[in-house]
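Here the chain labels run A, B and C in written order, and each chain numbers its own residues starting at 1.
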Amino acid sequence: MAFPDLMMARSLLPLLDIAGIAIFAVSGALAAARRELTIVTFFFFALVTGTGGGTVRDLLIGAPVFWIHDNRALAVCLIAALAVWLTPRRIWPVQALEWSDGAGLAAYAVFGSWKALAQGVPPLGAAAMGVITACLGGIIRDVLAGEPSILLRPELYVTAAALAAGLFVGLTLLGAPLLGAAVIAALAGFTLRGIAIARGLALPGYRD
Amino acid sequence: MAFPDLMMARSLLPLLDIAGIAIFAVSGALAAARRELTIVTFFFFALVTGTGGGTVRDLLIGAPVFWIHDNRALAVCLIAALAVWLTPRRIWPVQALEWSDGAGLAAYAVFGSWKALAQGVPPLGAAAMGVITACLGGIIRDVLAGEPSILLRPELYVTAAALAAGLFVGLTLLGAPLLGAAVIAALAGFTLRGIAIARGLALPGYRD
Amino acid sequence: MAFPDLMMARSLLPLLDIAGIAIFAVSGALAAARRELTIVTFFFFALVTGTGGGTVRDLLIGAPVFWIHDNRALAVCLIAALAVWLTPRRIWPVQALEWSDGAGLAAYAVFGSWKALAQGVPPLGAAAMGVITACLGGIIRDVLAGEPSILLRPELYVTAAALAAGLFVGLTLLGAPLLGAAVIAALAGFTLRGIAIARGLALPGYRD
């Protein structure tokens, strides 16, 4: 196999993984809170946002869907939803959550590409899987909530995921050690997203 | 295997299954009728609503999608769409359909959990599969129709599915016979949904 | 196997296939252009529109998703998005694109049914796979863009795909040679779509 030690992702990243799912799940539950929905919809939005991107990735690359046979991810989403439901919204620091979401975005973009490479997906496809893992949960959340999705806003979001995923795949192609490539790529993606949050950095829109 | 006789679901439930698909398909076709759409969209909505939940469940648990290699479900959806198309809308008793939909909801929540358990999915995931089987067809229908989905209304709907699925999984965990657990769980879910229909029972919304 | 020479689809159609993906990808990128979105969303819409229908088909019939292990389709989508991004919108001839889209629609309906038959899917399911392959990319594009989808407009579109897919499956059932059936079915679907474009032909809506 081309990337044997990619499999160490499985032993290395589970804690980070759970943290990322929890952050995305909280963002989903807060979307439900903004609309003053019920506890059941809190669960649903937390689950879809927390696991949606990875679910689509696993379906596309033909891997078993990650949360079906190991229900820890599911439990984390339920707990996140319950935590948001039981607390007033103002205790959830919007700014801190946005930065955590940016960290999750960058980490998931790398993780998704890594898993795809480990399954033998070629580079371009693996980078696409990273972007999908990082962004699709939030997009599905917005479509279900009837809100304009991240996709339709000029803010740098998908771009930061694309930078992290593309850089990770590119560096491994050039022979960089996996862990080093992962850290550099995730930091680059997080930095770009951070600049977008702090400075309102946006991509230019198409002009006719 | 932990649940050998779960497989009898395959011989026991096909008729109920077809009835459930037909009810959901009619509800999809009626959504197309409300918007005065064409016969082709009637087919599409009937198909998506009738089979959507089970399709997503099968993709997630890695089972062959149930209507691809046995086209009876597909045929039932096409017939349901045609029946709605050929008749004036007022002959379809909204109230009766809502109750039938509630019965289908409860039955499908149990059936989906059952199939997931039979595939070796652990309890929490199996309960989630039940909820998805019961509710996702209707949610996809609403998103495609551009309507606010069940998810965004406070009415008890997903909750009834969650009660049926959770009770079924819980009872089987406690060692109850499968068929008994299925009947009790489906009745409980249907009763809860019935109270919601009759009394307008709703979950409380989140308050800041 | 029932349809041994169906596999020649793989050697016969790749060029046509790439052309079809490119046309759909351009239509996706133009949707992003109309909304003055960013280059990243251009990529996303081109990818979803170009590959969405085939992706859902492959997931449903249990085939490996076609663009994951052969990234040419992905590359074509990225190039199409870039081409639209770099050029003023008026150089893209709307009328010509609509006709090209019609050709892609008819060709994909046949191709999707063909692939499903080759995977052993029974006739009714195979015809449905053809319609899904041809139409679903555009539907997902519209849902993500928050626009009313093809489904909700009376214009003949899904119908043309259904004609091509149904005719192809029907003719092969009657023993017609595959290539002949494919050409006849695609031409019939394209003609119907062409009449709809030229004359504004639409299906009647449901009347109560």
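Everything below uses one rule, namely that a contact is a pair of C-beta atoms (placed from the backbone, for glycine too) under 8 Å apart; a residue touches a chain by one contact, two chains touch by 3 or more.
All of these numbers come straight from a predicted model, not from anything done at the bench.
Chemist: Shared interface numbers for chain A and chain B above half of all numbers used, same, or below, different?
Modeler: different
Chemist: Can you give the rotation angle that fits chain A onto its twin chain C by Cα atoms, in degrees and rounded to the nearest 5?
Modeler: To bring chain A onto chain C, one rotates by 120 degrees.
Chemist: Using mean C-alpha positions as chain centres, tell me how far chain A is from chain B in Å, no decimals.
Modeler: 30
Chemist: Among the residues of chain A, pick out those that touch two or more other chains and give their numbers.
Modeler: 59, 143, in rising order.
Chemist: Mind pulling up the chain C residues that touch chain B in the complex?
Modeler: 59-62, 120-125, 128, 139, 143, 148-149, 151-152, 154, 158-159, 162, 202-208
Chemist: Could you please specify the touching residues of chain A with respect to chain B in the complex?
Modeler: Residue positions touching the partner: 32-33, 35-42, 44-45, 47, 55, 59, 64-65, 67-71, 74-75, 85, 88-90, 143-146.
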